[in-house]
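Structures incoming, each one as structure tokens.
Look at the two complexes coming up: subunit A is in both, with subunit B in one and subunit C in the other.
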Partner chain A sequence: MRVSIERLTKRFGKVVAVQDLSLEIMDGEFVALLGPSGCGKTTVLLTVAGIYRPTHGWIRFDGKVVNDLPPRERNIGMVFQSYALYPHMTVYENIAFPLTLRRMPRAEIHRRVVAAAQLLQIEELLDRRPGQLSGGQQQRVALCRALAKEPDLLLLDEPLSNLDARLRLLARAEIKRLQKELGITTIFVTHDQVEAMTMADRIAVLNQGVLQQFDTPEALYTRPANLFVAEFIGSPPMNFLEGSLTVHGSALRLTGPEWHVTLPEGLKSWAEAVRDRDRLILGVRPEHVRLAPSEEGELRAEVYVIEPLGRDVLVNLRIGSLRLRALVPPPFPWKVGDIVGLHFDPAHLYLFDPHTGVLIGRS
Partner chain B sequence: MGNWIKKGTPYLILAALSLPLLLLYAWLFIGAFSPRTHGLIPEGFTLSNWSFLFTPWGNRPSIWVAALNSTLLAGGYTVILLLISSTAAYALSRLSFRGRRFFMMLVLVLHAFPSITLLIAIFYVLRALRLYDTLIGVALVKTALELPLGVWVMKGFFDNVSWDIEMAALIDGCSRLQAWRRVMIPMVRPGIAALAVFAFVLGWNEFLLPYIYMPSARNWTLSVFIRSVTAGGAGEILFVNYGVIAAAGLFYVLPVLLFFLFTQRYLLQIYAGGVKG
Partner chain C sequence: MRQVERELEVAKRGRGFSLPLLRIRPGVSKQGVAALLFLSPAALIVLLFFVAPVLLTFWISMTNMSVATLGRTEIIGFSNYLRILRSPYTSRILQNTLLYVSATLTFNVGMGLILALLTTHIEERVGVLFRALWLLPRVTPSVVYALLWTWATAPAPFGTLNQVLGPLGLPSRNWLTTQPWGVIILANGFVGASLGMIIFTSAIKAIPPDYIMAAQVDGATTWQIIRRIILPLIRWPIMFVTAYQTLSLLASFEYILLLTEGGPGFYRTEVWALYAYHQALSNYFGNVQFGFGAALAAVLVAIGVVASVIYLRVFRFQEMMSEPKIEGV
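Let's turn to the complex of A and B:
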């Protein structure tokens, strides 16, 4: 089913939870709503579910406006962060509950419950009560209850955040596989950019109720629309250096209090277009910072903290009051307090407008 | 040794404070089974005090009629209270409507209101509704007076059910009413049980309302019946037989004691369920 969110605004009293949001979700697509807590992503989900009514705007399913349709008539499956299993019912009754409400014949209910339970490998739990299950099992039951309805739309509200790290990794892959296998249009709410990046076809990044960017994970990573997306997507987050633009012969430099960076060819034309701007922000991802002996680099920085991550080493550096992060392959030959030289990969630099946060250009 | 004193002291204080109550109950038990007592010392053993179970007592109706009336009053009032509390509390806990906050404050104020000041007004209302001197009339009055507490306690239980569960029910295909009946009510069942026990005991112990609003002897509840024994019935020369009174008192209190033994688990939840604003 195709889901269109058109100019959706949702207010609670004076608080604006979602503002003028428009998203077009294709049939069978897996879309993540990503943002920090309180950004309005769960509000969007509950509005699509029909729990909240839009203050302005429309929700359409396959082109038909459903603003006034009660939740039970929307044929939606939903998994809550708390799983929201009915504690007074067994697992079987939980999964069967939506089907019973539709007055489905008993045999058909049984067939569907067993099929869904097999799909999620929880057949042996059917007689238990939710209170007797582990978090991972409860999550499976919740997903099973949502899928047994054979919904047109699956809504997932942070379904992984109550699982431990190892289970989360398993469930992540599992949900992605199921979604592709069943082809159900899915909206997934999360504050974890890794979850969104690994699972979703497209990601809508929200901040304070406003859509920042709606694009594929790869595009969000390589072409962030603004500072917020650039910082939110990618772990560890992008480094930002704010300075003023100065001309040195044919070269353009961004100059800060204790440093200056010569802009590479790729960024020069962008920078020239905004020369009237007094200040600019240069963005560079930690994986695009190279370290060198102190006399070689373009910048000189002090090693502040070293965090070995196994495959890489995350190095925290400082230049005066400026903090930078670099992700470099081991072995790491320096120690805390050493002065090292820095290069920024000239092919992966970004320029942002410090006032609006908007991306000006990238090399 | 020091530790022992430290742990034992609170119990000692509690025991000393409870002693008068314990003595009362002790006297009730001893007095009910002896012809006379000197303080707590019985003078022999007898069952003759219990003859009122089989033969009417003076010109009064049988005590079994009074027991039935007490049961009907307490049971009827409990059922009405539960029905209204569980719906009203759900509305106050879950629905947003104009005047909700005001209504909640009103409930609290009414809970604190001294209902005794309403006695005469209630009399007129009951008479106007032709419910004076009827069990259902008194049950309704008792319900009205205890509703603030019932609503407030049930609201605490509803508040403790997560919104997610109710939303899940709505998405799974329930109407609001179905969600209330099939998901919310089962989840507050401990609260309902607690309130039921609490209300039943309260109704069973009620004296003032049946005494004032049900004067006919055929409507007497046990509490009124026992009062008539201590105060003397109409045109009766007062001769107080304490042994019989003790027996009647024991007859009155025994169901409550047994009830308590089996249901105290639920009663405790009235407080564990918590009252959240």
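Let's turn to the complex of A and C:
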């Protein structure tokens, strides 16, 4: 089913939870709503589910406006952040509940419950009550209840946030596989950019109820629309260097209090176009910072903290009051307090407007 | 099989199944003393104000103590109980009690539930106001409240009820003599429902909203949500209110006393507790029979205990105790 959210605004009294949000979700697509806690993700989900009514705007299913359709007529499967398994029912009764409400024949209900339980490998839990299940089991049961009704749309509200790290990794892959296998249009809410990046076809990044960017994971990583997305997507987050533009012969430089960076060819034309701006922000991801002996680098920085991650080493660096992060391959030959030289990969630099936060251009 | 047994054996010897922590030491442990200390105030109150009076009542019920025999009270065994069994009024009073308790209980719990459900499904401020209004009778002294009912149900042209019904073309009546039970049950119910209302309201509000939203998404109508989610989740408060009100209704008689005094006519609305009161403390004929009254009261205690046990069974109290959590994927 195709889901269109058109100019959706949702207010609770004076609080604007969602503002003028438009998203077009294709049939069978897996879309993640990504943003920090309190940015309105759950509100969007509950509005799509029909629990909340839009203050302004429209929700369309396959082109038809459903603003006035009660939740029970929407054929939606939803997994709540708390899982919301009915504590007085067994797992079987939980999964069967939506089906019994449709007055389905008993045999058909049984068939569907067992099939869904097999799909999620929870057959041996059917007689238990939710209180007797671990977090991972509860999550599966909740997903099973949502899928057994064969919904046209699957809504998942932070389904992995109550799981431990190991289980989260497993469930991540499993949900992704299941979604592709069943081909159900899915909206997945998360505050974890890794989850969104690894699972979704497209990601809608929200901040304070406002859509920042709606694009594929690759596009969000390579072409973040603004500072918020640039910082939110990618781990560890992008480094930002704010300075003013200065001309040195044919070269353009961004100059800060204790440093200056010569802009590479790829950024020059963008910078020239905004020469009237007094200040600009240069963005560079930690994986695009290279370290060198102190006399070789374009910048000089002090090693502040070293965090070995196994596959990489995350180095915190200091240039005066400026902090930078670099992700470099091991072994790491320096120690805390050493002065090292830095290069920025000229092919992966970003230029942002400090006032609006908008991306001006990238090399 | 063999290997498992061997491993078990090793485990037993290795870890030593005689861990001192697992052994229950004879006598009272330090923990036991602390538990007793914490329990003692409550236990003392129960002993002093429940067990002691019950024992005393039982003892008096074995005597022929009355105004007439005050100086020469004798132990007469179970004669008072035999008298209850043989009395021609017993079955009538039992029926009255059953009617009074079951009808008032149904009204109290049912109305309490309806009020709680209604006021939690409408706008918050209106709900609060509505509930506050329903609390008024409870904060009114019983005598004043009963007096209001006698005024309301007085014969025309004084009674409010008749004045309201008159213009609608309904004949005026003396409600207290023609419909004594109706008036008694409503008078009790309007006070009694507020307890259920308050407890059920807070229980409904304590249900996580996620359950309700999940049920909505699952396809439930408001009525289905009430019946299949809300009611099962507030089963424990419903049981508590039902049991509590049964017991308090069994023992209560003040509104009957104030409204009809067991009449009109002979024992028309006399319930067990009122009968005991009349016999033991306020006999029509001046002969106050403490012994017989005490026997009646003792029977009431027995009925109350039996009713409590039945409630615990019917509502499967054991099952409501939380079950152990089993971890694992």
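By our rule, the second predicted complex is superposed on the first by the 363 of 363 C-alpha atoms of A that agree within 3 Å, B and C clash if a C-alpha of one lies under 4 Å from a C-alpha of the other, contacts with A are read in each partner's own complex, and residues count from 1 in each chain.
Here, a residue touches a chain if its C-beta (ideal position, glycine included) is under 8 Å from a C-beta of that chain, and two chains touch if they have at least 3 such contacts.
Just so we're clear, the structure is a prediction, and the values are computed from it rather than from any experiment.
Superposition of the two structures on subunit A leads subunit B and subunit C into a clash. When the two structures are aligned on the shared chain, A:167 is found in touch with subunit C, with no touch to subunit B.
When the two structures are aligned on the shared chain, A:98 is found in touch with subunit B and with subunit C.
By the touch criterion defined above, A:266 lies against neither subunit B nor subunit C after alignment on the C-alpha atoms of chain A.
After overlaying the two complexes on the shared chain, residue contacts for A:134 are found with subunit C alone; subunit B is out of touch.
Once the two complexes are overlaid on the shared chain, A:78 sits against subunit B and subunit C alike. In the superposition on chain A, A:237 makes contact with neither subunit B nor subunit C.
Partner contacting the larger number of subunit A residues, of subunit B and subunit C: C. In the superposition on chain A, A:357 makes contact with neither subunit B nor subunit C.
Residue contacts after overlaying the shared chain place A:86 against subunit B and subunit C alike. Subunit A uses residues 46, 49-51, 70-72, 74, 76-78, 80-82, 84, 86-88, 97-98, 101-102, 145, 149 to touch subunit B in one structure and subunit C in the other.
In the complex of the two chains, the subunit A residues touching subunit B come out as 46, 49-51, 70-72, 74, 76-78, 80-84, 86-88, 97-98, 101-102, 145, 149.
Of all residues in subunit C, those touching subunit A in their complex are 208, 210-211, 213-221, 224, 228-229, 232-233, 235, 322-329. Remark: subunit A residues 46, 49-51, 70-72, 74, 76-78, 80-82, 84, 86-88, 97-98, 101-102, 128-129, 131-134, 136-137, 145, 149, 167 touch subunit C in the complex.
Chain contact summary for the complex, subunit B toward subunit A: residues 162, 164-165, 167-175, 178, 183, 186-187, 189.
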